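Two complexes come next, and they have one chain in common, subunit A, joined by subunit B in the first and subunit C in the second.
Presenting the complex of A and B:
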């Protein structure tokens, strides 16, 4: 007992001594970190600051004569007054809500199923299969979608035909085209949710579940009060990643529907791209991008505030 | 003595001048190999698309490299990204591409901004100009619309398209027709009902949002009905009775098209004809290659080709295509090498080979050659479209077209879907066009299209 106390006091003296001294710089560590810090600043921070500065300028790529003129908040005013910006943002947020709910529920379902399975081989196979959609390039997914959702010879209508459902006009009908994009996104990213949930489930202490089983026979109660708290950090992380993802989702819808028919699948990123690289108004496009970034940060903070509960807190 | 010396000097200069600069010398001894000597070892990069004409060029490049010692590399980009990619190259001054690709609708943009070099610099330089260049050998409409801006030549026609009516002779015959429709009205009222049955459709008009909607679908129905995009003073002309008639005609024609026609791009449309799903399409001449190849088409024996149908205002087929031009940011040596390449690949001498490898040359001589007509039965219709019905402003070529095209693509599709009426759609397009074209309408920019 005395030895223990000595050891503790020794550690404490060392700690205070270290604090008093001038903090030593570990040059080796610094040298090893610096390249990545510099790279991050160059490819992360510099373009961001550049975009912010562009958003206050007149900058038309195809009429470069007066470029660089400071215009104050004019570009932001243009964005905020633009009904198309708001409608495409609304469309994106609706899609976000739908895919988040479905992906999280389905992800948890798959994770619970795999977690409770006793066959190790099955576990391994499922985990491998889950990675495949995530590993696919979104542009390729979009191009595959064009074939799968083709009205006349697409796989989707063929499969629906087998169970007697009439041909659906997937890409030519505004609502169904949005559905096609949502289905594709769910197909690609639900496995990601499942993998995150699986790793979160691995954190749940086994004895805690055993103890809970003594108290209740309801699987739902065990899930709700024992497992779910451990899943919350994973769910929050998933929500943050996917929110950023959906706000900048471009390749897949661009190749699948190019925002059409009409504007029915024009997500916000497609609109920003259109402004920047079709209309070539870089000032307005940058203002849109900056506003999106702000939205993304606000949402991420909100998720953490409302959903994130460390398991110990419960 | 001094006089004599001056006289000698003058004479000597004259002799040198006569022998070095007269066309006779150039014509007598000009050869590509000689002209390229100063540029041997220069590497130039070309901007290519993934279409048959570019594959043909790629197959021909080794020969050019062998003759000249100039190395030609290329990047293949999807059409949808090509304006963006080249604009960024120009504005950044990076000169990634020396041989740039100019769509008919980009020439005003590229030329007015000084991004491409006026070709006079080369074709008036006897050291670089092939005496057999013969600019008059191009179809005038092609050189004028893809290559020329404000009376200055910037590019030579390389990949050339006209809209054609492709039809399935067998389907038409089965329905009792021994010829394709001559007018749009006939197509709608006679052929439409007779050919739309059993899940098959009389016609497909590629209308996917994008340039396909604005150029291939929207503008295609405006012109034959006597309408146009702009008036003389550059105010919009879409609400004129003629333009509206064209757009309303399109709405009516939709009942004889596949229900998901707004999702049809070129591929889907060509496939629909190739697989026997629809009886007629109006598509670019370049798709002849796909439709006549048994590996990609089921209807090779039934394929018929003619000029696009006429409207009340006559035949006004779609016009499109690309010229090759030279990047102003490239070094002098690269510019000269790029010129030699462009001059060679678009030359009369190489035109036949280019056509046989799958390209569509802009040289008139090829289209009157009986041997070539036997090989490519669509040539007469193509030549007729360019010679007789070519419309250089089928789409305006000023820098603002991409922005207008975008607005048309959006509201044009909404119109077809029935989300808004034709009149309302037109009103919204016109309102946007007035903002986009304000500087022209108010006279601050020269009205060039």
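Presenting the complex of A and C:
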């Protein structure tokens, strides 16, 4: 809410400097910025506060008799004692770790390949094609996964069969179903890593690489000491954004596995959704959501702290 | 003399050797690059082609092992999902179009003036405002979906496009502000001064001078807003269960029940994905920037 008060003191800088005692409020500027602030307060902040208040209430969608009763931290206690909550969180974080490592390494590899290749036209084609997985509707990607990971006639088992691997029951086996989600995520988001790394590589000064080539013939040394420093901001940005995205991940696993078999692929967002709209306990679901939110805020702050130069700094 | 000629010949042949070595060396590397790039293209495109080809195959061809790459294409599945009496996909696409277009327009109306002010003015709390705007990018939709469901229910906005149009602003407004801000900042302030001398007020100077110059950034952010809104499933699933279903919700509903109709499913998928893939190809250079909210130039 501090933002509201601050926005009211909207003043022109130079004027502030000259007439510090009477800062003139620029009402027109205020009028131009307030609609978006008010909109975000109403649709962003208000539901958040509502979620916090719900998390302290008894609120069952299917038995609304005592709804709204204040129950203190009862919902939070339920969440913290719930093994399913912890296992879904653990599953989400494990997946996050795996996809981050693979996507960053593969992304750098792809970027180095495209950056160094002399096939101009092909490079352009690859750069354009890289956006296809990223833009594809995640719900449809999940459906496509159901087809490709089909045990009997799926493309995946066919290709594995060519190298002599027995048919895998991808979506019926708990471990393999999780693997299917991870493989799908890697297919969809590695191109994003590659695009980020490509734009970072474009920042490496050419003469620095030329100078380094005089000192060493080792491509690894040039990568490690000349190129990697330029990639670091992109790598960190990618890590934090993907962290937020995997914590949110819902659409693709929802259509690919629905959290099954059993709850073996139920990621945290799927579990919160099920708690709210299948078990109908909005109180407990809100408590889960608030805990998830705290995790998100911590990450968002970390992200902002590491990357976004505030406007004044520029 | 003879020795000199011999020497010269040696020199020539060693030069020749050097160039052939280099020539042989370059193609080897380039061929490797070519192979890797083509493998990469196959890896990225195969699932996409798989979807499109399945949508054009007879059901029997779908189950063929080894998979049929050459087959007689049929438009039956498209015909069925689009024109059969029970077809719901056209309404889904229409709903998605209405929602994505409206929320994009609204985000532009709200976001561009705010971006302009943020680019031109310094004020106390600007940093906080800035952080708050972009932290919306990190909030998991499920967190706001629960209360938003209850609010929308009380306001009788469930199963209407309005609820989705509004809630999608939570990620679209920050996106517009973020991308347009850079664009406005790149416009010289002298133009504002000139406009002031000519008697323009702040809004006129934004509307008549800065906004037209910022059109590239505005278009990119509009396309990205459209893509993200078109693709969204969670809110749409929770808020618009019965009527007003968007296309991704229909896609998600395919998996219920037995006897999956693969051809129809993939035809629907292709119809949903095609517009966003085309849009994404248009703004391919800016997609990464949009997803990172401008952290990557």
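Worth a mention:
To be clear about the criterion, the second predicted complex is superposed on the first by the 264 of 314 C-alpha atoms of A that agree within 3 Å, B and C clash if a C-alpha of one lies under 4 Å from a C-alpha of the other, contacts with A are read in each partner's own complex, and residues count from 1 in each chain.
Quick note on the criterion: a residue touches a chain if its C-beta (ideal position, glycine included) is under 8 Å from a C-beta of that chain, and two chains touch if they have at least 3 such contacts.
A quick note: this is a predicted structure, and the numbers were derived from the prediction, not measured.
Residue contacts after overlaying the shared chain place A:196 against subunit C, while subunit B stays out of touching range. When the shared chain is aligned, subunit B comes close enough to touch A:62, but subunit C does not.
Once chain A of one complex is fitted onto chain A of the other, the partner contacts of A:258 extend to both subunit B and subunit C. By the touch criterion defined above, A:277 reaches both subunit B and subunit C. In the superposed model, A:83 lies in contact with neither subunit B nor subunit C. Once chain A of one complex is fitted onto chain A of the other, the partner contacts of A:164 are absent, as it touches neither subunit B nor subunit C. Judged by the number of subunit A residues each one touches, C leads among subunit B and subunit C.
Taken together, the two structures place residues 152-153, 258, 277 of subunit A in contact with subunit B in one case and with subunit C in the other. Contact residues of subunit B toward subunit A in the complex are 80, 83-84, 87-88, 91, 109, 113, 208-210, 213, 258-263, 268, 272, 275, 277, 399-400, 402-403, 405-406, 409-410, 413-414, 416-417, 419. In the complex of the two chains, the subunit C residues touching subunit A come out as 30, 33-34, 36-38, 40-41, 43-48, 50-51, 54, 62-67, 109-111, 113-114, 116-151, 166-167, 169-170, 173-174, 177, 181, 185, 201-203, 206, 227, 230-234, 237-238, 247-249, 251-252, 254-255, 260, 262, 265-266, 269, 272-273, 276-277, 279-281, 284, 287-289, 291-292, 295-297.
Every residue of subunit A that touches subunit B in the complex is listed here, in rising order: 61-64, 150-153, 169-174, 177, 257-263, 274, 277-280.
Listing the residues of subunit A that touch subunit C in their complex gives 2-3, 5-7, 9-13, 16, 26, 28-29, 32-33, 35-37, 39-40, 43-44, 46-48, 50-51, 54, 110, 113-114, 116-119, 122-123, 125-144, 146-148, 152-153, 155, 158, 187, 191-192, 195-196, 199-200, 233-234, 237-238, 241, 244, 247-248, 250-251, 254-255, 258, 269, 272-273, 276-277, 282, 285-286, 289-290, 292-293, 296-297, 299-301, 303-304, 307-308, 310-312, 314.
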